[in-house]
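Structures incoming, each one as structure tokens.
In the two complexes below, subunit A is the common chain; its partner is subunit B in one and subunit C in the other.
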Partner chain A sequence: MKELRIATSLDEALALVADGYQPVAGGTDLVVAARGGKSELPDHVVAIDRLTELSEIDSSDGGLQIGATVSHARLMRDESVIDGFTALADAAALVGSPATRNVGTIGGNVMNASPAMDTGSPLMVLDSEIVLRSVGGERRVPVSDFWTGPGQTVSQPDELCIAVAMPDLPSESGSAYVRLEYRRAMEIAVVGAGAVVSLNPEGDGRVVGVSLALTAVAPTIIAVGGIADALIGRAIDESALADVAALAGDQASPISDLRASDDYRRHTVGVMARRAVEAASRRAAGASIPVPVNRSVGIGAVT
Partner chain B sequence: MSHEFELVVNGVTYPVDVDPSRSLLNVIREEVGLTGTKEGCDDCECGACMVLLDGQPVNSCSYLAAQTEGRSVTTIEGIMNGDELAEIQKDMLDEGGVQCGFCTPGMIISATALFARNPDPTKDEIQIGLSGNLCRCTGYGRILEAMKHTAADRG
Partner chain C sequence: MTIAETPRFVRADGPDKVTGSGRYTADMQLAGMLAAKFKFAEIAHARIVRLDLSAARQIPGVLAVLTDDDVPDVRYGAGLADRTLFARDVVRYEGEVIAAVAATTKEAAQAAVDAIVVEYEPLPIVDDLEMATADGAVLVHPEWESYRASPGVPRDGNVASHSSVVRGDVDQGLREADIVVTSRYIADGSHAAPIEPRAVVAQWEGDKVTIWTSTQVPFTARDGVCQTLGLPTNRVRVIVPHMGGGFGGKCGFHYEAHIAALARTARRPVKLVFTRREEFIAPDRRRESMIVDLTTGVKSDGTIVARRGQALLDNGAYTADSSFFTQLAVMHLAGPYVIPNVDIGAELIYTNHQPSGSVRAPTAPQATWARESHTDEVAAALGMDPVEFRLLNAVETGKVGPSGQTYDEIGLTECIRKAVAASETAGPLADNEAVGVAIGWWPSIPSPSGAYVKLDGDGAGQIITGAQECGTGSVMTLRQLAADELGMDPEDFQIVHQDTAVAPYDTGATGSQTLFNNGRAVIAAAGQIAEQLRELAADRLEASMADIVLSEGAAHVAGSPDRNVPIAKLARIASYGELLIGHGSGTPPSAPEISGATCAGDAGMAAWVAPQFSCHAARIRIDRDTGVVRVVRVDAVHDSGTIINPIGALGQVEGGVVMGIGQAISEGTVYGADGRQRNPALLEYKLQTAADVPEIHTQFVEIFTPDAGPRGAKGIAEAPNVPTAAAIANAVTKLIGRPVTHLPMTPERVWEAMR
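Showing the complex of A and B:
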């Protein structure tokens, strides 16, 4: 690296990004990759972690807009996230260690575009938009169109991710994220699944809305197609959960690597999918399952 | 190729002029000269390099020193109360939580951050608080006992 600039305003940061500076916040991807020898630090870097414009969690206009530099530690403790967008808190609580969560950010996750990112499936099922700003203006991209491959997004070089935004869920809804992990900290998802379930407000336990997304089984986070057709009108029982697992396994296209084989991932992503749907539906029905689901015995944790 | 700024470590201001690629760990050890903060993996995995940045734990091996300009860094050398060991340090000695000692500064930094946020943590909360720190000697049992001792004294 030749130069590090510490931006003091969003306009300054955007001008530097337009000039080719790469943004850094906590450095848990950019700097760690350089330490590990995966890639060199860019020549010109702009630190954006002090920009108050990017550090807000705002629910004033309905829904939630989360500034790009909001850390995982804040996401896992924020009442508005835990209450209304619980899957995101489940995911944030599993990232790295306390030190990683303290400096790692949601914007960094989104732009790093790892197919194993824990916050990815929650953002997908919560119907999020990625807010991109450049000197020329702002645009919002649905997260389902945003990631195009490992480390690849539709953002342009002069654009900075400034926030993620998501609408409120309907009443009687719940969300959850569950992952398979070999250890409880400093871990990357072997596979994972996020779900939103909305139940009939009349209290008959039948599903009126559902979405499901999968982690680390494809080149990007993927939404599971056909899940609404499969579940709407049904109660979340053993037969429904078996269908969820089958659908997830069918749509997964995992690779084999040192952490798991493709067959193992295809099987276990079904298990994670059914746990995520079960936890989301129990939360939708008013059950209190603490964040993260992965530490909740009987669903995420092994007894 | 250089970045000139004032680095504040344990309340002392050090003017430094360093390559902006250098890690906080490297600058603390090589420029400031405080070697209590350890380099283990140098890859953000082991936690031996843990310091506090504005009171929150950070892996200093993978944090750019230049990004700390205007902020306050606390290392293991800044944990003591004057000439007295901090409570957590005493408990680590009393419970035998130190063997080779290489992970100890990072463990104590993480514990300091944990106790600042949560004076009376449960065993689970202590384990999560220390989950970014690896120890290859103790099997963690005696470290946990030390932390539980500190928690009991504070609770």
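Showing the complex of A and C:
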């Protein structure tokens, strides 16, 4: 017999999780995987989607703290996300369909830990931390340490993800997330890339800070090493973008599967990387590119 | 007429579908109903060495477990009887049913399925269309010669059907040609992918069974049950509740007999509802993969002199209704062109894949994609504009087509001109955009069909028809025909349909034939009532019957609208005397003649009744960095004869275009070396979504077509699926400089072709 408990407080949820209950938020991974026969529904499940403690988007302490049960639909429309952490809104806006976005949560996306998760690269380049809590207390794990393999994280079974937190970007910064889409809804990232670019406040167009992360080309989301060395001090021009693409392609270790071959992924992740860096730098320079970037670049663009 | 004119009326089942009040087969609940589950082979080719049901039978709640041992020894199949309800000794594809279970809950049924023990001796996988016909190839059906088959279909080993059209002298023609172009194209198989997975409910009362099933062809389903379970037609009643789409995938007889047999054994009603995965792997209806070779010779002035061609079609493990596909493929490799010398053949080849069967315009999207891509290659070799090349060579009124049929008035060249002109109104092309143009054709299928019409005492009408509604809306349009015949409003009629015990025969929602044939039946049935009404009115209005006109709900004397009597009043009078009941069927139009061609494996598809013609111009945009193609606009122009219900016809074209886009760029079955599908799921089998739908601009070239459907109409449902992929392909070629020779033209394949 399966049991579903609907938690009415965070403490209750934490106690149940400590007792071996598995959390479910939107259920768009957990329930869909069970229905699809991929993995059986756990015997004991606790629903956390009604916990108001987990549904806040808070910028009062500087930076942004996003509650675990905030939906993709809210992320893509929230002014503070769009203004300061645009890549995350770009990603949220691409998830599934309106129905998936209304139900699916950022906490679920993070904890499901798919290498193709869309919020992963944005969280990585935005230097985020995952806030975990158990009955024993709270800890914060940098995303760069958080995912350890497909479906695997450093989180313990008795821990809930309660939020993701990220610091404000320096001024003259922009971020963007781009993914390869074969169709314009109900898609899964074949490859994707997120970037943050900070430009010299003097306005000479030179890069003073940059980070780049890649989606679906390794067992987890990966940060591209050496990107700062490659770009700092340069303007984002064709030659810089070619270097970005090459660097991304080199560091990708994609698999071949039904969605694409490793060759094609290695090539297209370079394309996504350069588009993400270009869009981020344009946003850094004050250009307004609506969310999601995918609808403005390449042929995903709306006419 | 243009389609901008006000539509006649909107389909009657729309509100039910939108509000959720429509009841589908899966929604049915009957007292004591059991759940059914199947044990599938889950291996593509193997001999069953042990099948142990004992553990399954012990599971609490299990009331029936059936295998081949429990049903009559019958081999069935539309053109070729190569199929049994349950696997017998050997399984030939992964979705073959080994056993069926009925239990009090789905979970118990599944547990019983899981408890069935099957041991296999694996057999070699036959999955290569060329190797399957080589000497010494493993036979999918070693006993093929013993199967009962339609006469005149050549078969041999793994070749389940062969046909060819030979006319003139191809060798001589190719020698006389100034330029000869040879191409090879390969198309993957694809799926109908209806959103409603199939469902069947069966309930026995005494020795009669009622079966509710999501089929497009209730009479075929009924006949399959009768044949396999040994029952007369009047003891099997098939009813189709609301359907959530079929697209050909629900043509044919599928699982109705399995569920009826379970219900009989368990003495309880039984319901089967497929999962999405089962819907992908099991039914014997998917679009066949194909290898096409074409060689065409042209004179330097652009006229085609000869074509040699061959298509290999993947039949899969059993021959659903696909025997005639070879001849259809031949016709599409020839295409609607004047070609004096042709030698084109096609072979339907057994493999250990899921069986192929009618999916919306079987063989046409793939074969047309190959032929029209080849056509652009030929035009390019000539240095000729591909549209001019088509206008020069296309069949037209009075011309003789490749199979020797002479065409009456048709509008193909007008379709081409209009589609191209319309696409040019969309403004200049960006440097990553191009327009591709392709033409297509498709037969109208005459067949017997029947209907009753009655008017009851209050003047309300009822159409009782054997026709079936799979979402095409064509059954709805029958109301318009009855209303026009009787001078009434379509809203005055309700329809009782898709019930084999109640209505006369119809072929079903297949072959674009519903309005084409059942329209004739309804007009004839309504016509009988019109006669009765005229007689009654003539009596009352003291006029001669010949002078009575039925219009706007009344009968009046011609020329004197004031001398009238409401039809409702006549109906009341009739309700006390001779009732207003009409029945109709009419004679289907007969096949035209052909001359000068020899057809091997003739399935009656070399000459087409009321052929439909079309031209699509697809404007696409390419992402040169990734190979992703997006269709931004399609101009579709169709000669489908008279258009009876414009809004319905438009819906067919738009749906067909979107389905065609999927087949062009995203939909394809991927098979593993083990002969099993690798993407039987909607995430990995990529249908187009609403967000992907481009602008679609449709025009009809309306030509009253004699010897066709009602009022000079031809079919329309399949035609829009025919040239869409081809038009997109020709646009892709323009942008990347060479054709993508593998369908679907996925981003990665486009990218490979660009490299």
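Keep this in mind: the second predicted complex is superposed on the first by the 295 of 303 C-alpha atoms of A that agree within 3 Å, B and C clash if a C-alpha of one lies under 4 Å from a C-alpha of the other, contacts with A are read in each partner's own complex, and residues count from 1 in each chain.
Simple rule for what comes next: contacts are C-beta pairs under 8 Å (C-beta built on N, C-alpha and C of every residue); 3 or more make two chains touch, one makes a residue touch a chain.
Worth saying up front: this structure is predicted, and the values here are computed from it rather than measured.
Of the two partner chains placed around the shared chain by superposition, neither subunit B nor subunit C is touched by A:287. In the superposition on chain A, contact is made by A:186 with both subunit B and subunit C. Legend: residue contacts after superposition of the two complexes on their common chain; A:154 is shown touching neither subunit B nor subunit C.
In the superposition on chain A, no contact is made by A:242 with either subunit B or subunit C. Look at A:267: by the touch rule set out above, it reaches subunit C but stays clear of subunit B. When the two structures are aligned on the shared chain, A:135 is found in touch with neither subunit B nor subunit C.
Applying the stated contact rule after C-alpha superposition, one finds that A:102 touches subunit B and leaves subunit C untouched. Of the two partner chains placed by superposition, A:255 touches none, neither subunit B nor subunit C. Comparing subunit B with subunit C, more residues of subunit A are touched by B. By the document's definition of touching, both partners, subunit B and subunit C, reach A:36. Overlap of the subunit B and subunit C interfaces on subunit A comprises residues 36, 97, 184-186.
For subunit B in complex with subunit A, the touching residues are 1, 3, 19-21, 23, 42-45, 47, 50, 53, 56-59, 61-64, 66-67, 69, 110, 113-114, 128-129, 131-133.
Interface residues of subunit A, counted against subunit C in their complex, comprise 36-37, 97, 180-186, 188, 258-261, 264, 267-268, 271, 298-300, 303.
On subunit A, the positions that touch subunit B within their shared complex are 1-4, 6, 24, 26-28, 31-32, 34-36, 41, 45, 47, 49, 73, 96-100, 102-103, 184-186. Residue ranges on subunit C touching subunit A, taken from their complex, read 275-277, 432, 621-623, 625-626, 628-630, 632, 665-666, 670, 678-679, 681-684, 686, 688-692, 746-748, 751.
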